[in-house]
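Here chain A shows up in two complexes: once beside chain B, once beside chain C.
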Partner chain A sequence: MNSAVMKKTMFWFVLPALLFYCLFWVFPILKLFQYSITDYNGYVQKFSYVGLDNFKTLFHEEILGLSIRNTLIYTFVTVILGNIVALAIAFLLNANIRAKGLYRSAFYIPTLFSAIVVGFIWSYVYMPDEGLIASFLHKIGINGIDTNFLGSYDKALYSIIAVDIWKNIGTSTIIFLAGLQTVPTDLIEAGKIDGAGRWKLVRYIKIPLLATSVTINVTLSVINGLKAFDYPFVMTNGGPGTSTNTLIYAMYKMAFTDQLFGKASALGIISFALIIVITAAFVFTLNRREISA
Partner chain B sequence: MTSAPAVKRSLTHIALLALVFLNLVPLIIVLSSSLRSPKNMTDPLNWFNEFTFASFRSAFTRMHFPTALWNSVVLTGVSVVFVVLLAAMAAYPMARIRSRLSKFLYIFFLSGLVVPGQMVLIPIIQMIKSVGIPMNQYTPILMFITCSLPFSTFLYTGFIRSGVPEELEEAAHIDGAGMFRRYWQIVFPLLLPVTVSVVITQGVWIWNDYFFNMVFITKTLAAPLPVAMLGFLGDQQNPAQWNVLFAACILCALPLLIAFLALQKYFVGGMTVGAVKG
Partner chain C sequence: MKSLKSQVAGVAVASLFTVALAACGSNNNNNAASPSAASSSAASPSASASASASPSDSAASAEPVTLSMLVSGSKAADGADFELDTLPKLVKEKFPNVTLEVQKLPDEQYYTSVKTKLAAGEGPDIFLVFPNMANMGAIEVAKAGYAADLSGLSFWNNVSKAAMNDMSYEGKPYAVAKGMDILGAYYNKDLFAKAGISEVPKDWDSFLAASEKLKASGVTPIVMGDKDPWVVQFGMYQLAANTVYPSDPDFDKKLQTGETQLTDAKWVETVNQYKTLYDKGYVSKNSLGMASAQAMQQFVDGKAAMIFTGTWDLPGVTAKGAADFERGFFSLPGNKAGEPVYASAATAAGYALNAKSKHLDAAKQIFEYLYDGQSPLFQAWVESNPSISVFNGVPLKNEIFKDVLTEIQSTGHAFYFSNQMWPAGVSDVMQSKFAEIIGGKKTTAEDVTKAMQDKYKELYKG
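Showing the complex of A and B:
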């Protein structure tokens, strides 16, 4: 539609943002496709094209499967646990009680900390023998539990996932709470009159009306999980072994530590495809549900 | 005997208090340890058994706090101003004109949200070098602006569509106001609620980002707060360094904590503008 007021010339307004976006975001991504078929090392400008060799080596090496597995676990657990806990807190906060604002702020505070500070703090929490959890267990007389959380192959990944959940729970809670507060009270009253019990009110009135906030929270945490980088970088360096290597961390390490930029670009392309497919699938299903709800 | 709702309310309070305590216990211990002298190596679980600013003083000088704070303020301030200007402008036609082009642009910007910054890093360093953009402490601003565009244009577009009536603009058009005047004098001022939301959501991540800063900034005295924290990397393995490290953590978080306490309702409101309307 090209009305007299809303003229097409308005599109000039997009130009400055578009320029930044294409120059510093889209163009580098396209470059990544080019680099993925070269043996570029990131520093020397001379490189030659090697066809699909980078992809072939990646598919033969363990690191690809491992980092995909770690990333998917990371995403799955943060999405499920993070949102369930946030939803539960939001329900509690939505009750008619005093000092609501105070509680809400208390849950929100961790989101204000830089990932690097969060990493430091939780490295202390997880420290074997002298850390917070270890000394607490010691104090209440529980001994003999292995408290080397970040140093163990099975526990390290879940330990950093917990940190991510802790950091982001405040944001999800606030979004859920805002969603809950838009649930009209007369709808709840009507439900009560029709004899709906507490659980039924939650299940058939509150949850469907929360659809928008569920979509937003789930989508944001899926993206956040698939892009996970901070805590492997700050807390574990991907270790022990490769047990906390996420896709993005593995790519970063390949590019900067091993100086295999061509190969890292290929891994980047694979991650990119994976992130897009999974996010698109989520957005698509959630939007369809939201409309039907 | 108390009534049933009162019992329920106190149960809710107990549940919430327990959760808040669990949530904040790491931070309480960080605070209590930071208030000890650097040499006090007693169990951190004995809260607040000393009260001195000695560790804070040591952290303060080690991270060059005033310089780092100033660098953070400049980086975040400049970036956020540009984000607001660029994103609001870009959102305007996307919200107002219903055409394939505007739908395409909307999705084109939004899809940038899924791309991790680490992925575009080396091509960007290459490009910045070849175009001749100087690599200094202000270079991260380019990345902050770009990275913030997807979410900010999303928020602005949604808000203009649902919150700024077209009739206002039509009236101004009849009075002879051109496109630019209409935008700057009528639309932009009405965007204030969502601008607050953009400033807060984007400001917080830019303030806290260490990654782009770490890549582009090599001089100690040019580092913003989170990068100054990188100087403590490794200290968390050594209990002898904890008190100073924790003081540094508190110092690093303090400016945002103060901003949050002062502007609480904007923080909470800002988080939800997009969520409820979007």
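Showing the complex of A and C:
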């Protein structure tokens, strides 16, 4: 059967890419399933099959629940707070203010740095007693506030999340901004003629029309949150104790420090399943709400 | 017929693509190799000269050889770095056909990278190995067949027995230790004098009393960068050397059979001793929010009187800070009054050779040259090395360690770092559990030791 659009033989062009895709992506993932039932240490090539032992130990240890909890908190906060702030900034930057271009660039700048650089800088900002925040508070005469942000069990995770939001806000803002600019002016004018106030315009016209951008941003930040690794790695080493261990960080630690590749693979599979379920749920619910302009 | 033809054409195009990609790959390799080829051909006359000069150089023919080397650590702050600059240069002078390509990675990345490379069969020809059972320890590397047996090399008579044993598996050495490292407390002599402490504390009670005096005089007695969790080890192992091992030197051997456990009273006491320093506020509060480099800065700025770390940190500790003062070094005394102080000293990491290297002979010749005790390369190595040499006849470079070292050499009162006999991972649990204590959680010393024992049982495999 010859298609009118494309000759069948053209599919051969897919082959090289497909080969690489299978070799570097599909095959390793399948390997992960194999390793998850072994005691492979990632290093010595001899290993034996241990059945579901890895999964059993994982379910008995507190690290699984803890890292899932941390990851979910991380995701939840970055999604909600990150997007609300980004949306607010987008509205501000969409308004007719002076030096709009300057502000737009300013909010985008943090996005340009790598996570490592940002994490490193912020670990000095957060440094107790001597860091930027601590000395600023001191300067303006506020004392007695505990400035040990990264070293406290209660605050460390949220301090890291704040940095993540700070860095990624630029991307979300740009997407919202682009969305806002596609809102047709005739709809807004129609709204105005019908007597809608500023808030009503936002609530009933702009936000519903931003649904596509919301889907993109929320999905991106959900994925970003579930994959959180860089900031715990750079800023806290998962600490204090294990209090900022995310799923991916715990996996990394397990594989490369404890040298339990088998167990880490098992954890990988658990988080793989978890991430798929959560992302799928998000995408489906949000897709249904979208309105086409 | 036509469709078959076009199919063939399609396959041909597709395979062309692959070839093009493959060509890109090999091109890269050529690029990497070409400088060495060019330089060695230029230098070939002298290659034959050096080959005839030393008859043992069987492999030092003019054939160009590129050896890869992977080590951990950070580049020297100023001047030439031994591993990155001096070593390849001096090797080139002696063996003109040999090009040494050295890569230096931060510790954490080193472990990951070297293991991945070894497992993939693309290990570096020369790499860094740690003593005994530590992470990337000699025993593990030898067992896996990655490190080459070095017992045939000629310089072993010049190396201290202890250093050789710590790098051996089944009686054969697999790496040459850089030297010996000692854990201790670096202290600020001026702050000690100001607080009215006339001599270095020699037992646990007097150490606590000294800390109390320092605290009363308004300085932070001890600063630790606990945000980098591994620094917990620096204090803990010194206490273990006094509290755990003197009464039972084989404690860690018995751990393997289950005769002793990390939950034994001795380890609980060790953890409690270290906990005391935090409970009484001798360690800077907020230490969990401070990285080790930041802690070091506090020490050199004269804001804290002591910092626990090892001989390897001498450059950092003696760096110029906001305050000028004299530094000293002593073993953290975990002992009871009247008993001797035991130091925590252990063999440092050392270079090993890849058993599967294509150029094992050439690499062995470099080792013979590097460790012969007199060559310019050996001198340069000793000169750049902060560890205390384990080679006979090499004098101590750094006066600051003299007291502790003399004590160790005359009495033999020293034990290794505990993690050298633990599977990698146990010390991590110790750190993360102990961090809970630092962070003010209700974790007890018993909880810490229990977590350590559990991890040990999970990880130790005969």
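Quick note on the criterion: the second predicted complex is superposed on the first by the 282 of 293 C-alpha atoms of A that agree within 3 Å, B and C clash if a C-alpha of one lies under 4 Å from a C-alpha of the other, contacts with A are read in each partner's own complex, and residues count from 1 in each chain.
In this text, contacts are C-beta pairs under 8 Å (C-beta built on N, C-alpha and C of every residue); 3 or more make two chains touch, one makes a residue touch a chain.
Just so you know, these numbers come straight off a predicted model, no measurement behind them.
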Request  = Check whether A:Ile140 is in contact with chain B, with chain C, with both or with neither, and answer first, second, both or neither.
outcome  = neither
Query = If you stack the two complexes on chain A, which partner ends up touching A:Met10: first (chain B), second (chain C), both, or neither?
reply = both
Message = In this superposition, which partner touches a larger number of chain A residues, chain B or chain C?
response = B
Inquiry  = Under the stated touch criterion, which partner chain does A:Thr257 make contact with: chain B (first), chain C (second), both, or neither?
reply    = second
Message = Under the stated touch criterion, which partner chain does A:Ile193 make contact with: chain B (first), chain C (second), both, or neither?
response = neither
Query = So, A:Ser123: does it touch chain B (first), chain C (second), both, or neither?
reply = both
Ask   = After superposition on the shared chain, which partner residues are touched by A:Ser152: those of chain B (first), chain C (second), both, or neither?
value = second
Message = For A:Thr242 in the superposed arrangement: first (chain B), second (chain C), both or neither?
response = second
Ask   = Taking the contacts chain A makes with chain B in one complex and with chain C in the other, which residues are shared?
value = 7-11, 13, 16, 42, 123-124, 127, 130
Query = What residues on chain B touch chain A, complex-wise?
reply = 8-9, 12-13, 15-16, 19-20, 23-27, 29-30, 43-45, 85-87, 89-90, 92-94, 96-99, 101-102, 105, 109, 111-116, 118-124, 126-127, 142-143, 145-147, 149, 153, 166, 169-170, 173, 179, 183, 204, 207-211, 225-226, 229-230, 232-233, 235-237, 239, 242, 245-246, 249, 252-253, 256-257, 260, 264, 267-268, 271-272, 274-276, 278
Ask   = Along chain A, where are the residues that touch chain B in the complex?
value = 1-2, 4-11, 13-14, 16-18, 20-21, 23-29, 31-32, 35, 42, 89, 92-93, 95-97, 101, 103-117, 120-125, 127, 130, 132, 135-136, 139, 166, 169, 171, 174-175, 178-179, 182, 212-213, 216, 223, 226-227, 229, 234, 248, 251-252, 255, 261, 264-265, 268, 271-272, 275-276, 279
Chain C residues within the chain A interface of the complex = 3, 6-7, 9-11, 13-14, 17-18, 21, 108, 111-112, 115-116, 118-119, 135, 140, 143-144, 226-229, 285-291, 294, 423-425, 428, 432-433, 435-436, 438-441, 455, 458-459
Key: Complex interface listing, chain A residues touching chain C   = 7-13, 15-16, 19, 42-45, 57, 123-124, 126-130, 147-153, 236-243, 253, 256-260
